[in-house]
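Naming follows writing order (A, B and C), and every chain is counted from residue 1.
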Amino acid sequence: MRIVTLTTDFGCADYASGLLVGVIWSIAPEAEIVVLSHDIPRHDVIAGALMLERSLPYFPKDSVHVMVIDPGVGTQRRAIAARLGDQYFVGPDNGLISLSVKRQAGENQPAEVVHLDRPEYWLPDVSYIFHGRDIFSPVAAHLARGVALDSLGSPYADPVLLEVPSPALRKDSISGQVMHVDHFGNLSTNIRGDLIPNSKKSSISAGGLTIAGISKTFADGSQGDVVALIDSSGYLAICEVNGSAAQRLGLRVGAEVEVSWHTDQSTNEGKPA
Amino acid sequence: MRIVTLTTDFGCADYASGLLVGVIWSIAPEAEIVVLSHDIPRHDVIAGALMLERSLPYFPKDSVHVMVIDPGVGTQRRAIAARLGDQYFVGPDNGLISLSVKRQAGENQPAEVVHLDRPEYWLPDVSYIFHGRDIFSPVAAHLARGVALDSLGSPYADPVLLEVPSPALRKDSISGQVMHVDHFGNLSTNIRGDLIPNSKKSSISAGGLTIAGISKTFADGSQGDVVALIDSSGYLAICEVNGSAAQRLGLRVGAEVEVSWHTDQSTNEGKPA
Amino acid sequence: MRIVTLTTDFGCADYASGLLVGVIWSIAPEAEIVVLSHDIPRHDVIAGALMLERSLPYFPKDSVHVMVIDPGVGTQRRAIAARLGDQYFVGPDNGLISLSVKRQAGENQPAEVVHLDRPEYWLPDVSYIFHGRDIFSPVAAHLARGVALDSLGSPYADPVLLEVPSPALRKDSISGQVMHVDHFGNLSTNIRGDLIPNSKKSSISAGGLTIAGISKTFADGSQGDVVALIDSSGYLAICEVNGSAAQRLGLRVGAEVEVSWHTDQSTNEGKPA
């Protein structure tokens, strides 16, 4: 079985998403297709990049991930496919693979990218404004059928990689950013939990609020408390128990978050604000 | 084929739902997965319980229903799996199975419940805040692969069963509650249609309005009429023709609904309000 | 493989949509099921008709399309199934097939329609208000299993066909209407691109705005520009670059759009308003 996942900013109400499925099954009837989301904020490439990076660890080998968040469709932007570890990406060359490529590089498994320049793997008629249907879906279907990545296009050494904010590490603090706000208003940051030396003795500051210590779970707080957690992707997150931290603190993607701690316990009497 | 259904309160925009699918297919590639809803109101266990009970009659034998409506994740609340007739439930022990267990008991087929205490059937790393991905999905996948329920955990005699309001039956009336408001604003109650002895001679009162008689279908009224029906699950429902009864009457889940009738026809000249 | 697609106006939050899946898989376990949309505007038969017509070219042979946009459920309106080219429709007889039948006729492949009057292909108990679950889903499942169309009902010569607005062609202009507003606010019309003789020399008027020429893609304009395009279904569309033309121009389905051109180039100095 080869899985094909779909992630778009089309919304759920439109028939566009169904066409991707029709095209894929016309070419690869044995593919299993699953929608990750059709509700990525419009043209939000970073949100798509984050979804791809956080999804890859949970999907089986040879899964093919199609992402149609494509503000540049019909322009000179390229169409690409990429091998990311043991799985595949198909979509526009606009930075959607940025976080995944970075993670791959960190694990010494550089991504392999091809420029989709072989029309024999596309639909016969390619519109100027719907490459999701006309190029990405057919290419994903061919991958799912077992066509080799390097048959689908020419090697491509310079895919667009967005500058994604990294946390700044100092002796006794880390500054990072909110990267994602989920359906519940939880704020997930770019600060990996394993960068924080002592979770009990840390203070977390965001939106004018200081939180003492990192909780294991929501249940460590009471209804309405704002707590800091290591979220299910391994990153520091700020959450309101049974509420929306995003709304409570007025924060969104890009907001600053600081974690600080005292290495010398004897002088640990104040809290950084 | 084993079907796995997913019901959550994650919303459609989040990648969390896709991870459940990735995990299930990593373990049980042959599973067929279908989303019932990702839009259950946040933490609304009763809404989930209702969905489960009303879905069971329409799914094939051996279907596995995963429900992640889990405000207590990471607390002492248990994780469970249950056999409900010829199908299975996997999720938190917070009452999601209440209505189904009650129905099973009524049919003399008591549910069989296990406490999920065997980590060998989970993902290797279990987060404190996403048991949907780390425990429920892998357990559901093992069920779908044919692992026996009693291999997945220890017998568990006292699952949480919520007090769900039951209608009060009197000699010539029934009082019940609105249990569900659907997408169209139709109000479905906990009054089974077969409890009402004479649908033509009944009066239905809700939100200050009295409706004479129970219609077969919307077409018995005109645009804007409020009618009472037996809905497609067999329960009394109050609906506005081509409109929203919830909005029209200002009613929501929990609102009182009364059905009354006259056993003595000769004195049937007024309508109860 | 037989594909079954589902299109409804149920919304994503309701369990009704899942029941269709349960019923189909109970009868045809080998069916592949995909949701086109559960967010068709309530009772909007024209929107459903458009989705059907624009989807058919992209789905494989023998796909079965179930549409439950059914304001007349429980009335005298008939239930039908139809062969449209090499694919099938199942749903209420209220005009959902109008555009597809018209296209088929244009290609000299008249649709074949049957009146669903054989209860042996339905669920045993048929509610008055949910034929999607009780009639359309089981019939679709039987089609997916290979039951012949003419076994499912009696030949039916006069299905409801809605009067769908057609563009008015004149010597040097075409008047048409907005047929669909997508998630991004793009306005798709009923004017096929191939009816416009010279896309560079044409002027497009809508909502008080005149656009000079038809662009190939969004990138021909700058952020905020309103451009005219031939959309991915081959129809003239009006779009705001990175914005919503629907909101910008205050237009919705039914709004007038005019395309005009000058056959004599020498006098082409003004723009029609």
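Just so it is clear, contacts are C-beta pairs under 8 Å (C-beta built on N, C-alpha and C of every residue); 3 or more make two chains touch, one makes a residue touch a chain.
As the structure is a computational prediction, the values presented were derived from the model and not from experiment.
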**Request:** Answer with same or different: of all residue numbers used at the interface between chain A and chain C, are over half used by both copies?
**Result:** different
**Item:** Rotation angle (°) superposing Cα atoms of chain B on chain C, nearest 5
**Value:** 120
**Asked** Counting in whole Å, what is the centre-to-centre distance of chain A and chain C, each centre being its mean C-alpha position?
**Response** 33
**Prompt:** Can you list the residues of chain B that touch 2 or more other chains?
**Reply:** 12
**Asked** Inside the complex, what are the residues of chain B that reach chain A?
**Response** 9-19, 21-23, 25-26, 29-30, 33, 42-43, 71-75, 127-130, 133-134
**Contact set on chain A toward chain B in their complex** = 1, 3, 5, 7, 12, 32, 34-40, 50-51, 54-55, 58-60, 63, 182-184, 216-219, 229-232, 242
